[in-house]
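The structures considered in this document are given below.
Both of the next two complexes hold chain A, though its partner changes from chain B to chain C.
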Partner chain A sequence: SSTGFSLQAMDSSHVALVALLLRSEGFEHYRCDRNISMGMNLNNMAKMLKCAGNDDIITIKADDGSDTVTFMFESPTQDKISDFEMKLMDIDSEHLGIPEAEYHAIVKMPSSEFARICKDLSSIGDTVVISVTKEGVKFSTKGDIGTANIVCRQNTSVDKPEEATVIEMNEPVSLTFALRYMNSFTKATPLSNTVTISLSNELPVVVEYKIAEMGYVRFYLAPKIEEDEEDTKPQV
Partner chain B sequence: MGVGGNFWDLLKPYARKEGFDFLRNKRVAVDLSFWIVQHENAIKATHVRNPHLRLTFFRTINLFSKFGALPVFIVDGTPSPLKSRARIVRYFRSSGIELASLPVPEEGVSAERNHMFSSHVQKCVELVELLGMPVLKAKGEAESLCAQLNSEGHVDACITADSDAFLFGANCIIKCFCPNFKEPFECYNMSDIEAGLGLKRKHLIAISLLVGNDHDIKGVRGIGLDTALRFVKAFSEEDILNRLHEIGKGNTSQIPIFIKFEDDMDMDGNSLNRKQSHCSLCGHPGSKKDHMKFPCEFCVTKADEGCQRKPEDFKCDCFSCDMNRKHKEKKRLKNWHTKICHKIAEEPNFPKNEIIDMYLCNDNASDGPHIVWGKPNIEMLIDFLNFHQHWEPAYVRRMMFPMMSTIFLRDMTTTTEETMLFGQYQFDSIERVKMRYGYQFFVVKWKHAGVNISCKVPLKESSVQQDAIIELDETVDLLDDCDVPEIHEDSGCRFLLTDENMDLVGAAFPAEVKRFWQDQELKRRKNSTSRSQENEKSPSPNSRSIQLNITEFYPSTKVKHRQSKQGGGESSKIADSQGNEGSKMKRKMSSPDKIPKSVRRRLLFD
Partner chain C sequence: MRIDYFLVSETLKERIVACEMHGHGIELEGFYGSDHCPVTLELSPSSNSQNEDPFVTKPLSYFFSLLSGC
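So, the complex of A and B:
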């Protein structure tokens, strides 16, 4: 769109969703005369992008009505120019509308810490319960070998802002998620020093990593519902 | 009270914390008066009928059954005249009455204790005798007889907080005895005190004479515990009391032998010292005139230079000066001892021979020691407690059950007769292992032998009703937690469960114990097998939750997107013509396979 380059992808089981936004201001040159929606196979796209060098200038071009997209890579000294053309897919457009929502609790913490928590808990169980109260945010899991609880309290007194844990809470929240997806989300840790986790009861969680000033990548994960109603009440 | 000052603080480093099993199979002497005073102080606030009887009853059962001890109860005799006078002085001092109005009793007459206290002691003696415990009466203080029994080997320890017991000759004192064992036993051994402090029995007696004791509160004026300790240590145990006698007579030249011995050596050194003159320049022996020309042997300098000037804080280390300093030190010590002797000599009638004789007396019993633990007299005990405490017979029997089961198990180790407990119960089985105070116990099941069904129901109702009455009547005392046997009904038979010592049960019924452990081993093996099966069968507990779908929350915008496409198509006809030209050019270059898709997109726009 004219505001920027956005991407949306969903897993095959339709449990998780990723949304990527690269704003137009972040590009050296950006032109979009009309909104276009293109279906891309991400595996093929990765193969194409792997041919670029780390310092190459990338230009993505697509014509209206065309069934290909062109990736052009230029070396910094412009003595080598590569031209790759990838075929597009004809996806029956399943673009999901994500409304802007107000969340009951927003937790901002170091992304490396969040990645460590998800990795540690996944060795104990396959489900994580994220509970946010005024005391802090608690990550709990339960498995065959036992249970694990990790509590992160709010600490805004640290010297570096990216090392702080900030919790905004309007209402206590307790949700259950599959750890497998959480660990996949944490592969985005190198993109940002901090991660923002937004939760509302009975809504998907949003795990957001910002991309410099350019945009963001957001992961949406649908919660799990316990079969026993009695278990849900004490957690809240 | 015992020895004055902070005597227990002096002994504190040598306290031993003994565990729960310390008293098992030990004969212990108990100062009964101490228990009664302790009871009344502890329960002064609450309203309990005859607390001294109740707590003596439960404490004796706990001591005998739970801790496995063999108690010997010691009763105070007639207090000595000195102690009576000291007690009067103590009472006047604490009550704030003017000391001048202190009545002086006639010399040699001792005042009896108050009538209520004597009555309490008498009732407790009667109760304890009905429980089958031996009771001895002392000529004077109870702790004197406790200590004598301990030193003669009749008992293994004394339970008393009175430090006098060491002076009377005790070897082992249990100072802190907590019946519910919230704290370990605080135990003191005379051997530790001798090794650590270097004090023997007569040393302790001398200290008590100097500092103060039950019979002479003030002691010697101006001498406290530290001074007394330092003074007494300088003499040997055999010598200390004789020296005190000599000093008391006014012979202030009583000096410890080692000081006198070294004093003689100092005389020679002192005479030698006078011959030596010291140089005022370098401070070494010799004259200044000589040292100006030639260096003395102490100054290590070149031959052509004279002696160096001595530093300000110079101390000569020649032989005579060293002897001189030792002489001064001995003189200072001698003066200190002389001063102490003067203080002692100023005390009238010191030391009192009555006190020394009392401490050293080895004949404290009214009659010869006769220590036999018999069986409780259940019927008379029931009558006694029914009269004084208003307890029902069933309640008394139930409270007595742990003691009777302990006696029964002890008898079973010696005899092979199958006797009945209470004439009604017999050993049935070992129920399980129980942990108490960090130790393991067997929970033993006792089977009621009678099959009389008609009398069972009234007995049970009576017992339950009795418990309700007791709870209303008496407050639960925290000092003594009672081991009430559990009542267990199983297929028409009645059982009682008690906690018993493992060694005792093993000695009484070895075959039963062996069978129990075999059953335990079998159960453990079976349990582990079933647990492993359970591990295989059980799926992950987290699989019960239902995973929701992301599309339920965020609906598809497919229809909306199509409408926006159509709108875009309509509003850009001019751009469409340019697009057409682009398509035409591309159509020439592209392969025929792609034409249909491109044409289809174009048609879609139209």
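So, the complex of A and C:
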């Protein structure tokens, strides 16, 4: 769209979604005359992007109604220009509208800390319970060999702001998630020093990594709901 | 006589308890029926915690539609 480049992908079971936004201001040159939606095989896209050098200038071009997208890579000295054309695919599902939500609790913490917590807990159990109270945020799991709990208290007094753990809480929250998805999300750790985790009871969690000043990558994961609670819930 | 098979994935392979063919030999000794002798496969109960998972996970579209109020 004219405001930027957005990307959405969902896992096969439809419980996890990634939304990436790169705002138009972040590009050296950006032009979009009309909103266009393209289906891309991400494995193939990764193969193409791997052919770019680390310092190359990348240009992505597509025509309206075309069934291909072009990736152009220029070396910094422009003595080498590569032109890759990737076939697009038809995807049945369109962009999923993600409604705005008020979150009961928002936790901002170092992304490396969060990645370490998810990695450590996944060696003990399959699911993580994330609980936010005024005391802090607690990550808990249990498995065949035992249980594990990691509590992060709020600390804003550290020297570097990106090393702080900041918790905004309107209401205590406790949610259960599959750890294997959380570990996949933490592959985005190199993108940002901090991660923001937004939680509301019985709603999907949002794990957000900012991309410098130009956008973000957000992961949405549906919570696991106790089977018993299901019966008492009113039908939608 | 045609040969009947069970095909299992790698993960199910660990759970095979027994696989039996009913009737044997050209005269189908031990079994009376069609020219297909039945075969049965016994699998052990899953020790996977996923089967014991008391939680259910709804797709994201369920939650998003809740938020949209539709």
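One rule holds in what follows: the second predicted complex is superposed on the first by the 226 of 236 C-alpha atoms of A that agree within 3 Å, B and C clash if a C-alpha of one lies under 4 Å from a C-alpha of the other, contacts with A are read in each partner's own complex, and residues count from 1 in each chain.
Note that a contact is a pair of C-beta atoms (placed from the backbone, for glycine too) under 8 Å apart; a residue touches a chain by one contact, two chains touch by 3 or more.
All of these numbers come straight from a predicted model, not from anything done at the bench.
Visitor: On chain A, do chain B and chain C fit together or clash when superposed?
Guide: clash
Visitor: So in the superposed three-chain picture, is A:65 touching just chain B, just chain C, both, or none of them (first/second/both/neither)?
Guide: Touch partner of A:65: chain B, not chain C.
Visitor: Looking at A:166, would you say it contacts chain B, chain C, both, or neither? Reply first, second, both or neither.
Guide: Neither: A:166 stays clear of chain B and chain C.
Visitor: Counting residues of chain A touched by each partner, does chain B or chain C come out ahead?
Guide: B
Visitor: In the superposed arrangement, which partner chain does A:14 touch: chain B (first), chain C (second), both, or neither?
Guide: A:14: touches chain B and chain C.
Visitor: For A:57, select first, second, both or neither according to whether it touches chain B, chain C, the two together, or no partner.
Guide: Touch partners of A:57: none, neither chain B nor chain C.
Visitor: Taking the superposition as given, does A:88 touch the first partner, chain B, the second, chain C, both, or neither?
Guide: In the superposition, A:88 touches no partner, neither chain B nor chain C.
Visitor: Which listed stretch of chain B (218-226, 380-388 or 542-550) steric-clashes with chain C in the superposition?
Guide: 542-550
Visitor: From the superposed pair, tell me which chain A residues show up as contacts to chain B and also as contacts to chain C.
Guide: 10, 14-17, 96-99, 126-127, 143-144, 176, 178, 203-204, 220, 222-228.
Visitor: Would you mind writing out the residues of chain A in touch with chain B in their complex?
Guide: Result: residues 10, 14-17, 33-35, 37, 63-67, 92-99, 125-127, 142-144, 176, 178, 203-204, 220-228 of chain A touch chain B.
Visitor: Quick check on the complex: what are the chain B residues that touch chain A?
Guide: Listed in rising order, the residues of chain B that touch chain A are 535, 538, 540-542, 544-558, 560-561, 564, 568, 572, 575, 579, 582-583, 586, 594, 597-598, 601-602, 605.
Visitor: Write out the stretch or stretches of chain A touching chain C in their complex.
Guide: Those in contact with chain C are residues 10, 13-17, 96-101, 126-127, 143-144, 176, 178, 203-204, 220, 222-228, 230, 236.
Visitor: Give every residue of chain C touching chain A within the complex, in rising order.
Guide: So the residues of chain C in touch with chain A come to 49-50, 53-68.
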